[in-house]
Every structure is written in structure tokens, then in C-alpha cells.
Amino acid sequence: MDHIYDDLLKKLKQLTETTWKEKISGADITRWSKQFPKSDSAHDNQQLQALFLLSNFIYFGQPEIRELLRSLYRDLYKTPAIHTIRRATANTSDWGILAPAFLEHQRKTRFLGVGNPSESGVHLLYYFRQENSLPKSLFINSHEVFTRDTSTAKPSLQIKDDEIENYIFIDDLCGSGTQAAAYSKEIVEPLRKLKPSVKVHYLMLFATHMGLKAIRDLNRFDRVEAIYELDSTFKSLEQNSRIFTSIDTDFDRLKIRTTCETIGSQLWPEHPLGYKDGQLLLGFNHNTPDNALPIFWVEGTEIGQAWEPIFKRYHKDYN
Amino acid sequence: MATPTRPNPFSITRAVDLNDAQIEELWVTLKAEDDSLAVEFHHPTSKMPAYILGAKGSGKTHLMRHQAFELQKLRYQAEKLAVREGIARDGYIGLYMRCSGLSASRFDGKRQTQELWNDLFAYYFELWVAQQTLALAIELKLDEHPEVDEAVSRAILGLLDRTVDYIPFKLASVKEFFFEKQKNLDYEINNCLLKGGISVEILSTPGSLIFGIPRILANQFAFLKDVLFVYAVDEFENLTSSQQIHINTLYRERENPTTFRIGARTYGVKTYATNSAGETNIRNSEYIELRLDEKFRELRPQYALFCRSLASKRLTTALPSGLNSWKQIEIDNYLANFDAGWKSSSWEMIVDKESSRRPHFVRLQENLANLNGVVSFDEAFEKLRLTAFPLLEKLNLLLFYQKVARRTHPKTALNEISSLARQFIEDDESGTYAQSYSHYSRDLAAQLLREANRPLTYGGFDTFIRMSGGIPRALLTILRSVYEWSIFENEAPFEAGHISLKAQHKGVIDASDWYYNNMRKAGVEGQYVQAAIDRLARLFRISRFGDKPIESSLSSFSIAEENISPKARKILKVAEERAFLHRIKGGQKERNSDEVTAKFQISPMLAPRWDIPMARRGIHPFNAEDFNTIFDPDETSKYAALSTNWMNSVTFPFRKGTAIHHTPAQFGLFDD
Amino acid sequence: MIDYTYQYRSILNFDDIPNFSWDIFVSAYNPCDRVRNVFQKVQATRKDWLVHNEYQLPSNSIPANSFKSSSSMEDEFIMEYFETLGAPGELIDAKICIDVTGFMRPHMLFLLRLLFERGIKKFDILYTEPGHYSERDSTKFSSDDVELVRPVAGYGAYGNHTTENDVLIVNAGYEDRRVAEVADEQEKARKFVIYGLPSLKADMYQQSVLRTRAAYDALGDSHRTAFAPASDPFVTATVLSKLINDENQKQLISNLYLAPLGTKPQALGFGLYYLAEGINTATSIIYPFSAAYQADASTGMGRIWMYSIEL
């Protein structure tokens, strides 16, 4: 079993030297893994199991998230718009025509975050704007979509700027889709009634298969797209999990699942394996989503437990 | 959270990542006591062409660039000498160029004949070299006077097969002209299949520009009168056989004032043949050879000093600035080490307090049970144990096994050993016991550590020097890995405290893995080499950890090369070329025969992989049959039996006449 | 610098494939679903299988009437195939589609070069992402046994003997040994590594970074990084164009070496860049060649991309 431990340690060391650089150190890993019970039997060694899970944790640091935001703008917004313009202009490949037409299109676009201004989705907008060198005028809050016309007896809802043709919602992770559904209902439905020609899109960095489907089924948005779609193989402790393949027969999925459930039920009794059973091994530099396994992110002191996270989460408050 | 870390001071850089000033700094340190060597290292004024061969990372490129004009210039500046004076004084001018720029593999196929490709390559090489010579001339401002510029330019153009008089007679224009011709040649070669043919006019005969331009310059300029033009052609391994033959021909037929230095990886020279009436160039007749890492392995004290300076430089200067900005550091002060001596108190933490529970006595008990009560365990235990000195305890057991194998009566053996050991401890290290100790202490220490499940690294900078086997880049790799692991272990390497043995061990293992995977030849032969060394090393490991090792500190072997199979010979050759094995100088005639044997050591960089020694002492002689079993990929079916034989020879009760066919000549081996 | 993103790309539904029809469709045979299923589904007047010798496929598994050649060089191989298609004049207006999923990169690139040279500058390319790589970090994509690093045929450069500012740009994927061989070959060059980000799947980026770390020794610790999407040749070409342009502004590059060792679409992007900006310069595309390659390391089918190339 020794070489398994050595191999894991080597991989973890390499992670601390590359994508986890300046986020996680060898000391952090030791401190976190020591919280798991150790045993002499290799098969039941929970510390080893924890290290195995950790070695499969996908972390996107700041340079990576910024690049994904660049990709979101360029690949999910700009390029489709350019192509639409091309098709409408006899397929010209002349940037002298395409560029100004796109700028015009962009002038009539507004970007919004999903959720409360202090939450990570909105926080993301700042980096999105920075990375893509976009003017502030393109960014609005949800309350700026409408205005109230108080000139009539009964004040009515009006679109604040009728020139805007495209509204783009931006989010980092869509897990179950419930949050996005809730936030968007109050905006998108009245928007469409007031301006039937409007285009409303929902673009994300990450989305689970389930979440994407839930939002698409609402038939509320023109385009619902994510850079990364996380299918069911990303549920790390389920049967077709992508981390339990032929190489790693040393690790028993069910045993590891039990370890996570046991500790997870102390950390987040309602969702011991992550929000709505997310079971994700995923984190970003600005936060760790709560769909990820709680053993990684729960801050014990907040719940009166002695537990130190390794990829700490700054928790949303659903009150 | 992790705090931003300092960059690794040993990050991998090669000659090519260092700028010229940094290379100079490195070479200032390498002073050989042997003056003639110093001369070869610093000033190539010999007209004899030379090959400079080295393993990957041996410093070959460093040396060649050190001898090249860019660095000559820097040295003259530092001495406040005018460049021309400096050149005249040193008597040579080096032009460094790399074969990789030629893209040599494209001179092939594409529905053209081999003859055409040979001609095109020769022409391309002329243009290539000519441009660089002219660039040098321009840098030396040889064109500063228009009349001289014109005369020289005319003379150079006159070397061509055809009159060229439509370009200005200036060196810069001539150089540009050659560049255009070369680019045109590139275009034709790269696109000939697409275009359906090649149309090129070859303007010069091989050698005409290469030898002609230096001659013209030497005739024209006084300071160049007695100066040797040294074409330093590096990365020779990139050329095909026929292309190497062309270069071989050039240096064989070289004309004053030109000569060649050819840099290649140890495996890179494919042929010494030439196009000169079928002649082959002969060593010490047409060329000399300098094998860099081999030299470093011989010049141990100098190499060690070089390594310490190299490491010190890295540590004291993040970005080396001036030539005097570093200082020698006592690197050992930062490294934990393990004292493996018999008096060392470190053993207390390693072995069981109770001698009877130590694995070697447990084994003795099992072994004696098979001796039909000739001697009881309690008796043996009383005579052999030395609880305070576990290493000597081990030696006692080894001597016991040796004597028993020689048919000495066990009780006699016990008494002899007990008394010798006492004498050794009291008289401080004298007698035959002392000799045995000096031979076997390292192996026995390894056994103790292994039995206690401890890593077999003693740590310390000398270990790293020895491990690097004469290859500076290997040393850097070790240091880099050790540093990384130290950081991961939350230590403060070279800032505060010691780098732990654990971090050193992990770093050593990583570096060994790198060497195993990256030094080998690509392709199936590389895999054969790995497999052969693996088989060899596992035998050595069996011996090292046996009750009675066959040899002390076994990492080397000897073999009469002419007797082994062709395939085994090939794999042996590749293993040596790729620095998996190092040839030990001085093949000898065997005592009782006329065979000349060659001796080899497994690279110390690989030793940790199998826990075999880095040091070299015992040399095991193989017969041809056993050697083929190990090295010939077609003969490996007998390996299991060979391995069992070895196991039996070193394991109580040491069944005789099995593994060792050859009469051994080393101390500690046993005649049957 | 050129922005290539005006060129069309789209994701196809498997069942929509028959909605397109081409005159000539060519694919390189691989015994995996994502290659075979697409070939079945495509509608074309002429559909050709190419068989790469290097995959060493058993002869009874190869479809009948496949194109085979004994040539070991990518230019000979593709030239021979191309000559079976008829005279170049006949092809100028043909609607051509190439499924690059199973192609070896050098052959794919040379085909592009050849089409370009013969004036066929508009054609479609299909690429189907793998469903899943079964062995993650340790996926062995091809024989690690690199025999020779050399320019891909048709992507050579003129040599610049001043080598002060040589640059090597490697597009890294999972093949660290190949990356190391290429980097070793160009020891002196300054090195850039382009990673596939966004990667094809969420875990692949981190895996490719880990794999590439094994080649750090050859890359040198001071190499610089850049990103381009693993599935987009046009952005890849644009990223390349910008990177090179920026470097040239700081100091003219003496010799530029490009090594597309990432995904097929990214290699395509490298080819697009060369054909638009690299011909007749000191730029070459180099590749680590082996004698044998593993045919396919994946299972299942991911997204199906169609790229409408405009050279």
C-alpha cells in the first residue's frame, strides 16, 4: 500500500506546484487529511481515501477563471453574434464591416448577474468586464431593467431602455437550476411581454446536466449555454463516477462514500454529500460551490464543530 | 493557505537558458590541475579536429560556447583588451553553430535521388557556414574600410563556381546574397513534392567557401595571420549518416587556417567514414575525442569543487549579475544527514532496543534451526550480539555466515568473531575485522535501514555529487527536486533549519525517475536497455540484501565483450551511450586467460531505484552466457533461473556451485 | 495579426448529419464509435476511408475499399490519396468534407496544405469529441517512442542562422513525453505552452497541466503559458496570431517553431495560422514522429463539431 500513498502524495505535490499554486500547500494537505481517522488496514484507511478524493479535486484558480470569463464572452456571446451578422451580410469576411456591426449589436446588449449583488454570480461580472475590457455602461442590475411609469393612474411597468435588444445573464455554476429559475422569473416574463422581440440568454461557466435541462425546460431563455457541462459522471460517488476506473481498483467507491456520508452528516445534515446530492469535486478561486462534498469546504467553527476545510467556502445565506 | 513561494533556485536551465555572462562565470571555476586539460577546456588552439562528446546535460554546450567568439569578446572586455588583440593573443576564433538549424532530416525522399540530396546538403552547409563567418567578419568590423571591404568581397565571390558581379562588393551584401540563396534553397526543398520538382543552381563546390573565406580574411588582416578558425558544430547527432560523412570529409581534408570542433551526444556519432577514397577517420590520427562526463567522473576533486560552486552560485544570486557576485556556501550546513558509522547514535532510533528482536537475529535463529543442532541459537546469540553497535552486530553475522560457508566449524567461527570484534572496538579499528568492516559497512547499513523500513538515503551534498555521475544537469535536477519536496514538507530550505532526510530522499527518488525515463533512447531499443538494466540491478539488489553478499558495494560488473551475443553487445552499447552504464577505465586482462574485459558501473543516478549502492567497489565478473541472459532481449527466459541461483548463493545455507561460474578475483568472494 | 473567428463553426446533432451532403467525404479509419458512426451517417457522393499504417490495425478489421499506402511519409501518403480523386481542376468546385477525428496530425496538416496549394480553399471539417478517456491521468495516447522530431511536410521554414530569439510554442495535451522530446530538440528556444482551456471536459485541463509538468525539465521553469479552447481551431489560430505578433513587437523572432500536441481542432488552428501567416517565413510546424501510434484511447461520443474552413 505504501506505493499508493507515495503516488498520491506525488500527485498532490505536483498539484500544489501547478494549478493549486499559492492556494494549497503541503502543510494544508497534511492538516486537512489528519482529520480523517487513520487505520492500519489499508482498505479502511480513511486518510488515504481522503487523499484520493483530494487528488481528484478540480480547482480553477484565478488565471483559469479569468480565461473562462474571456471564453464566455468571446465564444458564447461575441462569436455567435458575429456569425449572425455575417449570414445577414452575404457572408462577408471583412472585419471592416463585421466589427462596427458587432459594436452596434453590443451597444444594445446588457449583462446582468444572477442573484443578490453580494453573491458570487454578480461578483463574477466585475472580472468578466475587466477581462474583456468592456465599458461599465453595458452592465446593469436587475432593478435597472424596468422603470415605473407613474404618469398614469395605475403605475405600470415599462422597459427602462427600449433600445436594448439583448439581455445576457451570467453565472458561474448552475447546479439544480432552482436558483436561476427563481431569480429570472420576475424579470424575463414581464420583459418578454413588454418587448416580444427581445433576446434573453443565460450563459454559465459550469452547469450540471440536470441544471441545464431544468432551465431549458422553463422555455424562458433564447439561449442557455455553459462552457462546461457536468454530466452524471461528475457525481463522484455514484456508480458511473469518472474517478473510479480500472486503474484505481485500490479504492472502494462504496467505502469512500460511507466515509463522506458519515462525516458529511455532521457537517451538513440536510445535504451530507453536497447541495441536492451534488457530490462534486469542484472549486473555484472565488468560492467553492455547495454542490461539492462538504468535507472539502465546511468551516467547522461556523457550526460548532472542529473541522477545518481545505477549499473553504464563503457560504450563501438563503434567508 | 499557501504563501507565495520563492522560485526554486535550482530550476532547470541549460546552457541555452543562461546568457553569455553566466556561462563565463561557470567556467571560471573549472580549473584542472592538469594544465593540458585546462588548455583544452579553455583554448582550443590545436589544429587537430576534435569531437566533444557528452551525455545530455554534461555541459558540452557550455564548453563549446565558452570557446566561441561571443564569449571571447566578453573575456577581452573584462580584461580591457581590444577584441583584435585578444584574438591575436589567444590564437583562435570560435564560430559556434548548431546543426538543429539545418533541419537535416528534410534532405530526403520526396521523389528525389539520394545523390541530389547529398549535393544539396553540402551546398546548404556551405551557405550556412559562410553566412556565419561573414557575420563574424562584420562584427569584427573588417568591412570598415571601403577599399578593403571591396577587395575582400570580390575575393569571396571569386570562390564561387560562377561569376557574380551584380551585387555590391561589400561584406554585408555578400552575406545577404548568401542568405537569399539559402532561403531560396529552403523554399525549393520544403516544397518540392508539392511543386513536383526542385530547381536549384549550386554555386559552390564543397569546402570552397568554408575554407576559402577564412583564408582570404587571414591573408588580408594582420591580426588574423596566425589565428585558427574553429568551426564549432554542435548537435551533430541531428545529422544523418551521409551528412555526417560529408562533415567528416570536410574536417579530414581541412585547409589552414580552419579546423573543426564537433559537439555531439555520446550516442550521436553515427560514422567516421568519409568520401575521401573510402577512408575512415581514425582516432588520434584524424581527430581527438574529449568525453566530457567521463572526464568529470575521473577528475573527482575538480568536479566536486565545480558542483559546489555551481550550487553556491545558484543560491547566492537569483539573477547573476556581475562576475564576482557570488560566494561559496557551506551547503552541508543546510542538509540533514545520517551518520551511518558503527559508533553513531542514530542507530538507536532505527533498530529495536532488544538485539534478539532485531530481524537479523530472528533470521539467524531460523537458519540455525536447519543446522541440526551443531550450535544452538543461544550460544551464537551470546557470542555475536553487540546491542550498542548494531552495525557491528550485522558484521558479526556476516562473518559468521562467511566462515560457515567456508566450512569452518560454527563454534570456532563464533569464538574467532567474538574476539576480533572486541579487539576492533577496544583497539579502535585494527586487524582483519577492520578490513571487513571497511568493505561491508555500507551494505550492512543499507540492510539495517531496509529492515527498519527506512529510506536508504544518507543525505548530504556529497551524496548528490556522487549520484550525479559527472553530469552537472543531473546534479541540478537532484537539487531542484530536493528543494521542491522540502517546500512541500513545509520546511524552509536554505533559509532556516535543515532539509530533512525525508525531503532529500524523495528528491533523490524523483531525480532518479527522471533519469530513468528521460535519458533513455526513444524507441524499442530504449525499452530493451531499461529492461536489461532492470534485470542486472535486481541481481545486484539480491546480493546486497542477502545474508552473505557476493561482493561488497556491488554496482559494477566486468565482461569480455567479444564473447557475448551481437544483440547483447548492441544493448550494452546503447546502455553506455545513454549513460545508463558508465565504462570504468582500465579494462584488464583476466588473471588466468587472455581475455580483455571491459568494466561498467550502473549509473549512480539509477542506483536509488533499486536500492543498490552509488559507490563503486566490488566488480562482478559475468560469463558470456549469464550476460546474454541479462542483456539479450531474446535470451531472457533463463533469467528466472539465474536470479534463483543468485538468491541461493547469498541465502543461508549458501548452496554452492550454482550462480557463480567464474572464479572471482575480488575480496570476499568464495572459492568452491 | 488575424482574427480567424469569423469562420463558421457549429455543433451538430447526430441525427442532423444527413441534412448536409458533400461530393467527397474522407475519414481516417479507427475502430471506435465516434469515427465509424459518423462515417455511416454522412451523406456524400463519394465516401473514402484512409488507413494509417502507423495504427497497425489488423487487416481483417479494416473496411473494404479503404485507401492504403505503404508510404511512411505524410506527404507521399496524402499525395497518393489525392491523386485518386482526379485532376485538381475537377475538384475546385467540389464540396469536400474531411472528418479529422481519426487522422494523424501530420497527415491532416499536409492534406490542408495540399488543398491550399491546389486552390481548394473552402471545405468542411468534422470533429467528434471523445465521450470519455478511460484511464485519465495515465492515458497512453501513442507510443512514447519518439523516433524523430522534424517539420511536418509542407510546413517547413527558411532557416535563420541567427538564433538569438528562437521561440517554440507548444500546444500541450496529455502527451508529456512528446512535449519533452520537442522541447529538448529546441533546447535553445524560448518556450511557450498553450493549454487547452476551456478543455473538452471539466477535468481535462487540470489533467493536462499535471501531465505537462512531467516535461518541465525540458520546457524549463521559465516557460510562459497561454490558453486556447480545445475544441476551437479558429480561436486557437487567433491566439497564436496575437501571441506571435506581440512577441515580434518586443523583439523580432529569429526562428519560430510550432508544435501542435494538443487536440485535433487545435492542431487545425496551428495549420490555419501557418497557411495564412507562416508560409515563406522562418516559421515551421514540428512534430515528434513515432513508428507506431495507438489508434484510439476513448470510448463513446461527445459533441460533433463542424468547422467551415476558409483558407
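Before moving on, here are some points about what is shown:
Note that the chains take the letters A, B and C in the order they are written out, and that residue 1 is the start of every chain.
The working rule: a residue touches a chain if its C-beta (ideal position, glycine included) is under 8 Å from a C-beta of that chain, and two chains touch if they have at least 3 such contacts.
Bear in mind the structure is a predicted one, so any value in this text is a computation, not a measurement.
Look at the CA centroids: the one farthest from the centroid of subunit B belongs to A.
If you tally contacting C-beta pairs for each pair of chains, B-C comes out on top.
Centres computed as Cα averages put subunit B at a distance of 37 Å from subunit C. As a whole-number value, the distance joining the C-alpha centres of subunit A and subunit C reads 31 Å. For the pair subunit A and subunit B, the distance between mean C-alpha positions equals 51 Å.
Within subunit C, not a single residue touches two or more of the remaining chains. Counting only residues that touch two or more partner chains, subunit A has 17.
Among all residues of subunit B, none touch two or more other chains. The residues of subunit C lying in touch with subunit A in their complex are 3, 5-8, 132, 134-138, 197-198, 201-203, 205-206, 209-210, 213, 227, 229, 232, 235, 310.
Residues of subunit A that touch subunit C in their complex: 11, 14-15, 17-19, 56, 58-60, 64, 67-68, 71, 74-75, 78-79, 82-83, 86, 93, 95, 98, 206, 227-228, 230, 233-234, 242-243, 245-247, 282. Within the complex formed with subunit A, the residues of subunit B that make contact are 1-5, 484-485, 487-490, 510. For subunit B in complex with subunit C, the touching residues are 7-8, 11-17, 56, 61, 97-98, 100-103, 105-106, 109-111, 128, 131-132, 135, 182-183, 186-187, 189-191, 193-194, 477, 514, 517-518, 522-524, 526-527. Considering their complex, residues 10, 13, 16-17, 20-28, 30 of subunit A touch subunit B.
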